[in-house]
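As structure tokens, here come the structures.
The two complexes that follow have chain A in common; it is paired with chain B in the first and with chain C in the second.
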Partner chain A sequence: METDTQAIPLPTARDPKLVLEILDKSFDYQIKQAFDLPRGARKAAGKPYEALNVDAFGEVSNSTWFTHRNGRAPMSLDAIRRGPSRMGGPDTSGVWTVVKGKSAGVTPGFTIMDAKGQRYLIKFDPPGYPELASGTEAVASRLCYAAGYHVPEYSVSYLRPDRLVLSPQATITMETGDKRAPISKRQMTEADLAALLKKANPTGQPRVRVGASRFLDGTDVGPWPYLGVRMDDANDFYSHEHRRELRGLYIISSWLNHADMKEENTLDMYDPEKRYLTHYLIDFGASMGSSSTTPSTPRRGQANSFDAKHSFVRLITLGLYVYGYEKAPLTLRYPSVGYLENDLFKPNRWKPMYPMPAFENLTRRDAFWGTNIVTSFTDEQIEAAVTTGAFSDPQAAAYLVKFLKERRDRIGRYWFARVNTLDRFEMLDGSTLRFTDLAVSRGYADARGTRYQVEALTPAGATLCKDTQDETTVRLDPAWNTHPHVVLSLVPQRQRYKARPVLVYLKPQPNGWRVIGVRRTD
Partner chain B sequence: MHLSWRQKSLLLGLLLLGAFIPAVWAGYPQSEADSVGVAINLSEPGMIPIHPLLLPRKGRPVWEHAARLPITLLELPFKTTGYLMRKGLNVIEAHHVTARVQQIPPWLVRRHIVVENGSQGDGSGFGVAVGLQGAVGQTRPVEIAVSSALTLRTYQTHALHLRFSGIAGRHGDITGWVEYQARPRENFFGTGAQTLAQDHTQFQQARLHTGLALSYRLSRLQVSGLIDWTDFDIDAGGGQLYPSTISRFPDLPGLSGARLMGAGFEAAYPERLYQGLAGSERGIKVAVHTYWDVDGTRYGFNRYTLTLYQTVPMFWGDRILVFRFVGSMVDPRGKRQIPFFVMPRLGGSTTLRGYADLRFWDRNAVLLNAEYRYPLWDIGWNRTALDVIWFVDTGMVSPTGDGFALRALATDYGAGLRFRTKSGVLARLNVAHSPEMTRFSVKLESDF
Partner chain C sequence: MKRLSGWNARLMWLSLVLTVWPSTLSLAHESTKSDSSRAVPRRRIIAHRSTGEEVAAFPGMLVYLPIHGAFLALEYGVSAIWEDRIFDRYKAWLTTTDGRAGVRPLANSTSGAGIRFFHRDMMLKGDARLLARWGGWPRQDYLFTLSWPDGRLVPGSLTFAGQYRNRPKELFYGIGPNVLKSSANDFLQEDILVQFIYRQRSSRVVAVGVDANYHSVDIRSGQNPALPNTDSLFTEKTLTGLANRGDFAEGAVFLRVQFLDHPGYPTRGNLSFFRLGYNRSVDDDAFSNLRLTAISEQFLELFYDRVVSLRLGTDWTVPVGDSGVPFYGLASIGGEELLRGFPRGRFRDRGVVFATATYKFPIWRVLNGFIFYETGRPFHHPRDFSFRDWKDSLGGGLRVWDQNGPVFEVLVARSSEQLRLIFNFNTGF
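Up next, the complex of A and B:
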């Protein structure tokens, strides 16, 4: 059990600069990785650095980073729809008090306090693309939450301009037009509020759709770093690039096309009472078909912003090699869900906008872990999540559901064809081991065409028995309990599929056998 | 012992491998558990496994530091850049430039300091121009730009530009300018296509140029008329390496300088082939100017310039072939002369990039540039990209219109990089080769 809730003093707030992060991850880190010969040698030998924070069963514990949800036990449709929400969005029955405004940027926004005293960040959809950012953020955040990550509450809400009240202490950040000092901050006036509303609601609608995200409880201490640990957090003892839930996040991000994976889109919140940090993923406006202020493009998810490999290929081919994303037409079938495509999507080639070290350390075991979560979502659960986007056009919502289902299945088919898909080992009655073939149970392989090679080994490696069977249960011979433990080597056999064994460690107990460890050899 | 290059490569490879094997070995503690990644302590089931990376490391030996030296060296520039950005550059921006901007009176709207290309033209070397741009007035502001530039070779330019927009609706502008240039080392090799590189001479030129232009935009068509006045002062070259033009070519017209009055008409019809792709224009530009001598009747000539440029898409997207043709001609009026310094000239970073600056001079000149551009680094934001360029330039000068001959064309070729955004080209870096030389140039402005 990972115990990362010990009381710690308030850490210093981090404020990393995006430019430096891009330079660091795109160049400095890449060069270091290229010259890290131990890492390269292990990768070439098929023995890459594996994740650190796994237990004897290859799993991560519930922690301030991750909580097992749909991947372990199916969530109800209501729970999927509810997501992390405790308040159900801002209270629209009373007035909203504006405490902070933002007129800089493409889309204006402000911070309000609702009648229940909860603070929300209100963001408007980009001009010309109603419902795009607000709907996308609501759906993607719920799926990410159901996958197990900590995310804030995002919801679609409706603003009534006549119920907005300006707080006397309200401030506003504005564009100055001066390139040297582009942003200024001052007290907000009624005229500012009117101008901001006119920008967001030029036609003067009495009810405006917005995206609302509730401010997280606790003290904001900035984003968590992608490399290493947070030195002022004594609970943070696994390097982040070697955490399984962050490596496995690659699979979830590729599913949601959540490419805007910069440090700024993470957040550590300090609980002043319990005195520890909780680690969040924030800002899902640039995922699926949205790029926050515009629809997504074919390039998103296909290449890093600074993609050295693609540049090298172009250089040596004199530009004759044209990547698929360069040729793909930017067709928008439904502007409210943005640009969605799966034809270019290859589950192992998906790329975030900026390199993320944890993603670059992804191993097959991490991929299996993430694929298990992504494929755990049923069609009904995906449909339930999409309803939270409140898309006014049912066809647009159906199109988004189709996109998510197709991408989920592509991920499942790809990764489950490359790893040992056996999981969920449990003793039925002390003498029979049952396992689940995830590829079969989730519809990516045919049960009739699948057999299982079972080999029992002594601790010294001598074979006790070897067989190939159709069943997903193994009867353990009572005579084996003369050994301190035995190892079952299990390999599924299918056409055009080759996997390495998963080793299940079993220890004899007075009342039968007990599973004491699982080791994957992928 | 003589070793072939294959043997040398093999030996070098083995040496490198031999040097890094200990580093690979030391990178990880070797254990049975390490072979499958996670060690399971079977005697205590349920315990968190001890991962090799969590085991305490021994002190790193000297040879491992040596093995990692390439990484340390390679990351040094990035670390330095990061340090400067954190510690230095922000301070300068916040306390120096911004503070100066704040002192400007409030009636001067849209004010900002600009740092521009300091190059004063072909061959002036590295330099920087600092200017102030702003606008006076609120409803119909007059835009003002003042700048000064100095290069390492002491070329200097001081310029004041005023632009009054909004004449005849929103389509007309009146622009006035005063510009002073001092150029102490201008090249001259004689006139004609057959001049020798060994005949390299230099002269000094100071020029005060002022004028007024009225321009009008109608859709893509832009027309303008202008009048200008230029005072040329010519003297012996300021360099020590080359002889003075005045002593080497004593009979050249215009060696004593000239004051010229001019009037002209220009028309241009540009069109961008791809929205957002800077440098993908095609179009035509025509310019006709006439000049006469302010001090007498010695000089008088007309100048005609035709520029055609075309972009051809290749393969896909941002891969384009770009052509530019420029034809220039100066034609004397009657028996009047043409000062040598106003003749068309070729050579330098905007014309024949593999030749010396102002390498060829004569009354007529033709030039053809061809470039193949494709993105090397498509940043994927705001159409920003770093392009690779492969180019060929060819051209020649001639005393008469029928004196052009294919065999006399001067040709160069080269490659370069080009950084562009949606709005334009920010910088270019070219390496060009010709039979006479190989040249490297950096330009902080648009193509050609």
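Up next, the complex of A and C:
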């Protein structure tokens, strides 16, 4: 695998336009795919283009895109709660110096410098829904971090208006009311700060709950593209739609209902010392039960923002076909966690804001990769993550925990019923291979009803032995070491379940056997 | 080996060039960036498929290329509207810096193209508007209004309107329900209308009002060379109002009752309108008449924003003197609102009764589809009412709307006589 941390010059900052992105991915890209004959033929033959950045074990390496965390080894509850946080949120013991204000939009916000000199973006919860955006962002970002992605530090904090100080250099962006130039920027005054606080804290509370995200270190060079590579990043070898961690992100996003997937919510940060880019996912305020400025809706995650297929179906059926999300009532049991329902959720039908090329290229192997991560989260870990949302109502927090557990299990049950669930191949003593059936170990299949078909093959494909067993260990015959390597074909057998084999490549060594590769044939 | 013939060979070369070209580009890119002191890593992209597959994809990509070009143009057009706000800039360009006065374009299939001038907060804080529409010269329509919204000048809203209309190709088919399409003839109608309207809202639901009008109508020979002139087929004796200029003073009262859940996209509720006017002839023609209009539309949500609306209405002109009702003042069906499958003025008589059933359904957030069925018939007298000879039309269309109502509408209406395409673009400015 290539290393992607070689020094590169500072790339030019990207500033993609959302409308162009939506149109391009919703229409142009779809038509292009339809005319891509080899791609269509491969899909029809059940051999779609697999992800490129995988090693001999079908895994991605730790990189500037992804770091193996909970999916590989369980994180402690403290580590889950801590997430990417190095500072533990802004320092609330001293003053916060406001360096930038934003009064445009539904919720106001500003950038502050805390007593430790750290810069944070401070966002208020939407009017009428206290805790919604701040709590959601803290929880979702921690789960995404624990899944392995690079995310900024998000935390729930408390602002004390009497400890706010305005920097003389502070600027503010405001709505002008002029549609030609709706936003203007100028020097921020005390009156602006007072007006902004009044908007965010109309009742004049001495302590106001806010969401705080620490500014990332390095130079912001804009979002990474969803399609192709960043041409000014020589470390970017693989088209993003063919990266496994981005394809597999579909499963993690569907779990978190992080439908607000758009290029704007990604960020490349350039490290001026090491001179390479790190690729981040940012802004989780519109995930789970929140749409950032309002609670989520039944439609979110069920249809793209402009869903050409759904619109077309409505048009040709004259509206007689009604999608499930249109029928679902918008019930808010706990406003602080927003709209949380799993009844409509189908793990393979979940949709982000607009079609994301990496998600469109999702294969079963990618889905297995993502499902392995999602189902690696234990109930306790989910509960630990939800505590970081600091929800004042324990029942609301419990409801969010229930939502995440249910959704995780739906994902596990769905995808593990469609792929070979064997993983974690390791030699016990040089002659015994042990594997784990993730569906069984994570409670999505019954161990008593599961058997394993094991077939040993020579490099030429000749069968050395074939057996069906209950155990998850395979004893390797020393006589096989006359071959340069052998291949073990392993298939779990369960009722109403059919999977293709996973091939484990084993090489004889002086002191036993070594696993040299794993190939899934799903 | 068989030699490739002309086009095949060219295609092969093109494939090779297009396959090799990107890699050449990346090499060129690398060479221009190479700087030994900074040790820029080699630019490399791992291909997701073989060269053979790239070549196999080439024919499809050739077909896709023009589509891609069209989409690029569309995308940049939408981006210019949305991101670069060209409509807002255009609007600002057509508006004074204080935003009080400006000019806007208009377009619909009824009146053709035109412009609208406006000047807010002028005389006694009234808002002035001038609409000028031309549906192909010499068809002209000028409407000037000066209005004072609720409470600005008087407790209710007050509007003064002055209109000049010149329609040189108005169609006349005859009177009654059984006039043939082939009997079409044309006339020129020139109108001057001066109107005062006072409206008082008693609540959010009910509004009552009065209006006083002066209306002058002049009928002359039509200008459609393909049709006979009305005055060549009829005389004043056979067609009331043909030979004379009519001048009328009208006083009317009206009542509007509206209880709708969403005025822009009603799913439940009712909208009703009643108007009773006395139209007094102020010259010697004795064409005085009473005019009664009653329309009621009920909205009913079938399921999940799928809405059926039923509209029933009637419009009657009853003569007060002995001279009858001038033919241009008769109630009529056909046009852009009633029985849209027929042209305007297709069926005329003293009274019309009509009903429209519309089913509308959501397609996207601000886009609806709708289908409709309309039926109606003219009657000479209420006692003639029957269910025979009713005319009907049906059709459907698309409507872009915002919270205030339709912004753009395009529809197709079909009757036993013709298929009509109707559009209406309310600029939303």
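In this section, the second predicted complex is superposed on the first by the 520 of 522 C-alpha atoms of A that agree within 3 Å, B and C clash if a C-alpha of one lies under 4 Å from a C-alpha of the other, contacts with A are read in each partner's own complex, and residues count from 1 in each chain.
Convention: a contact is a pair of C-beta atoms (placed from the backbone, for glycine too) under 8 Å apart; a residue touches a chain by one contact, two chains touch by 3 or more.
Model, not experiment: these values are computed from the prediction.
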Three-chain arrangement built on chain A, chain B and chain C clash or fit: clash
Touching partner for A:Ala56 - first (chain B), second (chain C), both, neither: first
Chain B versus chain C as contact partner of A:Phe27, first or second or both or neither: both
Contacts of A:Arg365 with chain B and chain C, given as first, second, both or neither: first
Chain B versus chain C as contact partner of A:Val19, first or second or both or neither: both
Which of chain B and chain C A:Val322 touches, first, second, both or neither: both
Touching partner for A:Leu37 - first (chain B), second (chain C), both, neither: both
Touching partner for A:Gly517 - first (chain B), second (chain C), both, neither: first
Of chain C and chain B, partner touching more chain A residues: B
Chain B and chain C footprints on chain A, overlapping residues: 17, 19-20, 23-24, 27-28, 31-32, 35-39, 49, 52, 178-180, 239, 242, 306-307, 311, 314-315, 318-320, 322, 326-327
Chain C-facing residues of chain A, complex: 6-9, 17-20, 23-24, 27-28, 31-32, 35-39, 49, 52-53, 178-180, 182, 229, 231, 234-239, 242, 306-307, 311, 314-315, 318-320, 322, 326-327
Residues of chain B defined as touching chain A within the complex: 20, 23-24, 26-28, 35-38, 40, 42, 45-49, 51, 53-54, 67-68, 70-71, 74-75, 78-79, 81-82, 85-86, 93, 97-98, 101, 110-113, 314-319, 372, 374-381, 386, 388, 390
List of chain A residues in touch with chain B within their complex: 1-2, 17, 19-20, 23-24, 27-28, 31-32, 35-39, 41-42, 47, 49-50, 52, 54-56, 58, 177-181, 239, 242, 297, 299-300, 303, 305-307, 310-311, 314-315, 318-320, 322, 326-327, 353, 363, 365, 459, 484-485, 505, 507, 514, 516-517, 519, 521
Residue ranges of chain C touching chain A (in the complex, touch as defined): 29, 33, 38-46, 48-49, 53, 56-57, 59-61, 63-64, 67-68, 71-72, 74-76, 78-79, 82-83, 85, 88-89, 91-92, 303-306, 359-364, 367, 369, 371
